[in-house]
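One chain, chain A, appears in both complexes that follow, with chain B as partner in the first and chain C in the second.
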Partner chain A sequence: MDPLLVTQALNVLYEVVTLAVIVLGLAIVFGLLGVMNLAHGEFIALGAYVAYVCQSHGLPYLAAVPAAIAACALLALPVERFLIRPLYDRPFDTLLATWGLSLFMRKAIEIGFGGGYKSLKIPVSDSVLVLGTPFPAYRLLLMALCAALIAALLLWYRRSVAGARVKAMVGNRELAQAVGIRTDRLARDTFVVGLCFAGLAGVMVAPLVSVQPYMGLDYVLRSFFVLVVGGLGSPLGLLSGAAAIGGVESAMSALVDRTAGYSTVLLIAIFFLWRRPHGIFGRS
Partner chain B sequence: MTTSLARRKFLIASAAGTALIGAPAFIRNASAAKDFKIGMFYAIAGPAANLFGPTQKACAELAVEQINARGGILGRRVQLLFANGDAAVADATKSAVRMLLEDKVDFFLGSHNSAVREALVATIKARVPYVYTPIYEGGECSPNTYVIADTPRQQMETVLPWLHKKAGYKSVYLIGNDYVWPQVTNKYAKGIFKKLGVSVLGEEYVPLGAPNKFEEAVTRIKGAGPGLVLITLVGGDNVNFNRTFAGFGLDKNILRVSSLLEENTLLGIGAESSNGLYGCMSYYSSVDTPAHRAFKTAYRKKYGDKAPILGLIGVDTYAGVKFVEAVVTKAKANAAAKVKSAANGITFASATGTMTMRNRHVDKDMYLAECKGTEFQIVETFSNVKSGQTCA
Partner chain C sequence: MGSLAVRSAVLLLLLLALPLALGEYWAFQLGLFFLYAIAALGVALCWGQAGFLPLGQALFVGLAAYLSGAALIQWGEAWWVFLLLPFAAIAAGALAFLLGLIIFRGRSESGPYFAIITLAIALLAFQVANSWNAVTGGYNGMKAIPGLPGLEGFSDVYYLAAVALACAVALCGWLVQAPLGTLWRAIALNERRVAYFGYDTAMLKAIAFGLSGVLAGIAGALYAPQQGLVTPELVGFALSADLVIWVAVGGRKRVLGPVLGAVLVGILSAELRERTYYWDLIVAAVFVFVVLYAPGGIGALLAPLERLLPGRRKALEPLRAPASKAPRSAVTLAIDGVSAAAGEVRILDRLSLAVARPGIYCLIGPNGAGKTSTFNMLTGELRAQAGEVRLDGDILSKPTPYRLARRGVGRKFQIPSVFGELSIDENLRIAVWSARTSLLDWLRPATRRWDTPVMAALRGRYPFLDDGGRLASALSHGERQVLELSMALITEPRLLLLDEPCAGLSSEETAQVREVIRWARDTLGLSVVIIEHDMALVKQLAEHVFVLHQGRLLAEGDVAAIRSDPRVHEVYVGAAE
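Moving on, here comes the complex of A and B:
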């Protein structure tokens, strides 16, 4: 097999799987709670900066995982209580509120760490032969981790009692309350879990990208595109959206160039907003 | 008698009173007229603001402090007025109009992109002299406009032949952001490659300001297998490209030249990804000259440990302010014709030494740097390299 073709195919796969993990947190917060979290990218950045702090203190890279989850949860709790809770069922207001939060977080990161770039050492720097072609080991590992994470979450959502409660709350909040589900607590936990996933995604991609206070902006728009195309509230929607946006963009970039990749993604997003506003697998 | 005396006293008193009330305003006006005002555009808010803004401001203010300590320009205290140069063209234009009409600035100094420069040139209409400082593509010859910037000739005519002699690369791949500076730089570089007999295997551009990823481009480059990659990406794209490039192991046998590789960008690229990476600019913070040691001492003294990181785009505002001082002192005015004749051949201080202006551009020393980890090691100095610009 043509080694370049293998590499480009892996690139497409890499883009799809990492994009799915980047969007995961937003899919939870926006898809299940209806909160248009514009600060999603900043929680990714928070995860990346926690990873940077851990690495610069000589800790093993895995230490960044619990640290980032703790940092995101600590911030997400008061944000949910004081900013989001009064605004459930008012999606547009959550958009404004989280936009303000994102500005605040960017500036706070800038004050704490300065405006410049930080670079993180890649935890696994070797290459692995895939069908005879070398491919960076960390990227392969990342793909495997992302796939495992998504599969685990899917399974949990489908099989666990907590997942059933979330589905009940999303389906009909009053009815869920009537059968004894404490929806305010459940919504809080869902929100916090969503933001922790964003931080986790930040830890995962940090060694591969430029870590700087404004990095969140790189992710938030594409994340919304994925949800527009895939549809809200279903794991299949998340995967198909990531495949459509990430896969098409990467494939077009490989076949033509980046500009072609962007224009195709925009066309796809416009088409879905126009003809299928609920996405491929969305609830109508 | 008493009444007339009283009336005279009253007149004197009221006259004195009027004079006293008027005095502060009069003095205020006089001192305001005395200040030499430089209207400075730099990256206050926008995509380049967190990278370059603090250094641009700090270096310009250091130059002003030094000039004022020696008595200012033509005996007038120098004052910097700031506007955002990283803004939309329309906003920058508005700021320029305000500085022209309300603040009545004596000189403009700009460190921003070429789109804003063209708008400012069109707004200022040569009424006030304007000095443009950051690295750019060349070609600015508008009246009453002066350029400190590194030009494509100064960057490319030095590093490309030098590296060809040293490493003997036979083919090259070009990648840059899609706007005027990378395209003009690449056009100039392709002329050099032709003379050297180096074949161009590919040339591609990615959108500016988009969250670009480079896996596909790096794979393409791997397939093309050039001896050298010429990178005209800026900021975060430059970081991401080089990290991906090294992540895929291409740094082991392909050399890289990056046209805008300053200290912040190299910190982002990181020590693991900077092997075989070169740059050629008129400033690196590791340049070792007596003037630069003095500059860095003064900079640390003024800003302490929290000083913004030094880099080309930032320190060129220092040279810009020093140029304003030199040229206005020599011309004894800021009138266009006088400044123009004074500017040709004038020598002024930069962060690392001196620069000489000819044809409204600067001939300068260029430094060729090889990345060692996150440090620039100067491997060659090219003295007094011509800008290649010939403005009448």
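Moving on, here comes the complex of A and C:
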């Protein structure tokens, strides 16, 4: 096969799969709880910075995984209690409060680590041959991990008792309470898990992106667009949204330039927000 | 109005004296933040009044700044360049108005999605500004923009900014007190209800957004000569974000709130950001605090001061309102074989019924028979999948609450929906203005004094309506029912749809409402369709009864005929064995 074509195809696939894992945390928090968390991107950044700290202290890269999850969970608990819970019936204010939180976190990161770029060493630096074309091994590994993570989460959501409880809560909060589900705690746990997934995504992509305090803004918008295009609350939506946004962006970037790629994504997002807020498959 | 003029004059004098005391550097800084305050006023108009949040307002600041910069570079020497600057602001306003109209027509809610759309548009504009080198100068920006001809030094530009700010404050103060302001606040509270009074709410919101674009445009048009440089940063996320923070912290509901926010928070930030790392953390924390616990912001602290100002309300002489523009002839309505479904559930099943002449019609039937759904179908909230509806003989295709109200169809909801945070007077006025006002009337204070014979008669019947300053949220349930019914009648509809108008009323109040409905039928010559469960009331009021069952018309006729109809008995109490 044409090596250039293989590389391009792998790159597009890589963009789509990593985008899906970036969105995963917001898909949980926004898709299930209806919380428009504009600080989603800052939790991704937090994960990436935890990975940076671990690496600069000479720890193995895998150590960043539990560390990032712990950091995100520790921060997510008070955030849920004092910011999200009082605002459950005020979606507009949730948007603003989490936005304020994102400004706060961004600035705190800037104060702690400085405004400049941090680059991380790629944990697996070899490349492997795919259909006769060399491709970085870490990217392949990342794609496999992302796919596995999404699949595992889906399976858990579909099969486990906890998943059924979450579904019950999403479907009808009062009724779920009436049958003995402690929706307060369940919503809290769901929120925390969502933010931990964001931190985990940060650890995964950190070696391949420029880690800087403002990285979150880009991620949260892109995640939001994926969910709007794909539609909320369905795994198929998550994947198709990621495919649409990630695929179009990387294709347009390859064909024209990065500006064209990003602008096209914005145009698609504006159209969907305006005309089809329930996504490709949703009924209007 | 008097107090507004006094306030503006005092403010203006203070502003003009400031640079004498503070010197050039502060004149420059203050001038810049006055411009930002003008843009913030626009954000507050949308968010604090009309209830939707523009999150990408920097787009309009930036657009006007680039236009004004280009004009100054081209014709900077000529005095008439002053005449071009307003066009930069108007262009920004026109873009905002068009965007608003397109977005609001596409979807009627104004929740978080509108905010995200405007943010995405601003980010798109940043991409354009950043990459269109030939026009905008790309990343480095549009450089060496000359100052305005005849204005020397920073203090001259400061005066210009101060005058512009004073004018902007006066304009916003005017708008907030004008009928337009009342309509915006009503939309923020309950947009659907406003549409049912015959207002094009998308248009009203687009006007607010357009005006906010003009204000942002004024800021941008003066920004270019003040700074001498316009970079893509001006269009981007940071300024949009700052504007929202200033408005929130300053207080979005008060005219001076955004000015306070922009000048205090803005200037403190510019000064302290350099000195302490933690300043931005404090601002972010204060912002979150305001969102959670203090929606009034700093502006709320001004409330006690305002009461000290002289020249508050005198009793206003009422003015006779012009006649309604809605048609006046008796209505005919025919529903012909209409079916509607929600998902799998069939709600209306080939329903046919007709209202041929004025009178009181009752719509009865067991729960789930499709009574409220019939109303929803008529007003377009429930899509009919088959059949047709004819109003005055014309087929209604794609009805909306707004269009129906314009043709003289009014509605009162089952749960009384009045505008709780508006006064009784404002609630009544929204009804009086319905189908009687044009854009010009929305701006004239005299429109607030409009009165009609129907309104006067209702005030006579219900003395609590005269206590106009009270908030509607302070009324009892029964009073709210009566207020909403009065509002519906004041619009002088030809066809009035009432959904359980007496629910939750005492027997005395019920008797009063019964009287009002009869009186309205006689004086307005209207057709009333009432959904009612209370059979005693149906017996007293109905001239004609429709019985619905499972989405179909089961029986119709006068009360006696319905009472003796065995099919009706079967539906209500089960078949006799």
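Worth a mention:
Going forward, the second predicted complex is superposed on the first by the 279 of 284 C-alpha atoms of A that agree within 3 Å, B and C clash if a C-alpha of one lies under 4 Å from a C-alpha of the other, contacts with A are read in each partner's own complex, and residues count from 1 in each chain.
As a convention for this text, a contact is a pair of C-beta atoms (placed from the backbone, for glycine too) under 8 Å apart; a residue touches a chain by one contact, two chains touch by 3 or more.
Just so you know, these numbers come straight off a predicted model, no measurement behind them.
Once chain A is used to superpose the two complexes, chain B occupies space that clashes with chain C.
Touch criterion met: A:219 reaches chain B, while chain C stays clear of it. Looking at the shared chain after the overlay, A:208 reaches chain B, while chain C stays out of its contact range. In the superposed model, A:14 lies in contact with chain B only, and not with chain C. By the touch criterion defined above, A:266 reaches chain C but does not reach chain B. When the shared chain is aligned, no partner comes close enough to touch A:197: not chain B, not chain C. When both complexes are aligned on chain A, the segment of chain B among 3-11, 111-119 or 273-281 whose C-alpha atoms clash with chain C is 111-119. Shared contact residues on chain A (touching chain B in one structure, chain C in the other): 217, 259, 262. Looking at the complex, you find that chain A touches chain B at residues 4, 7-8, 11, 14-15, 110, 114-122, 125, 127, 134-136, 138-139, 208-215, 217-219, 222, 250, 253-254, 257-259, 262.
Partner chain A is touched in their complex by these residues of chain B: 47, 49-51, 53-54, 178, 204-207, 210-213, 215-217, 219-220, 222-223, 236, 239-240, 243-244, 247-249, 264-265, 267-273, 309, 374. Of all residues in chain A, only 36, 82-83, 86-87, 91-93, 95-97, 99-101, 103-104, 107-108, 111, 217, 221, 224-225, 259, 262-263, 266-267, 269-270, 273-275, 277 touch chain C in the complex they form.
Of all residues in chain C, only 53, 102-103, 106-107, 111-113, 115-117, 119-121, 123-124, 127-128, 130-131, 237, 241, 244-245, 248, 277-278, 280-281, 283-285, 287-288, 291-292 touch chain A in the complex they form.
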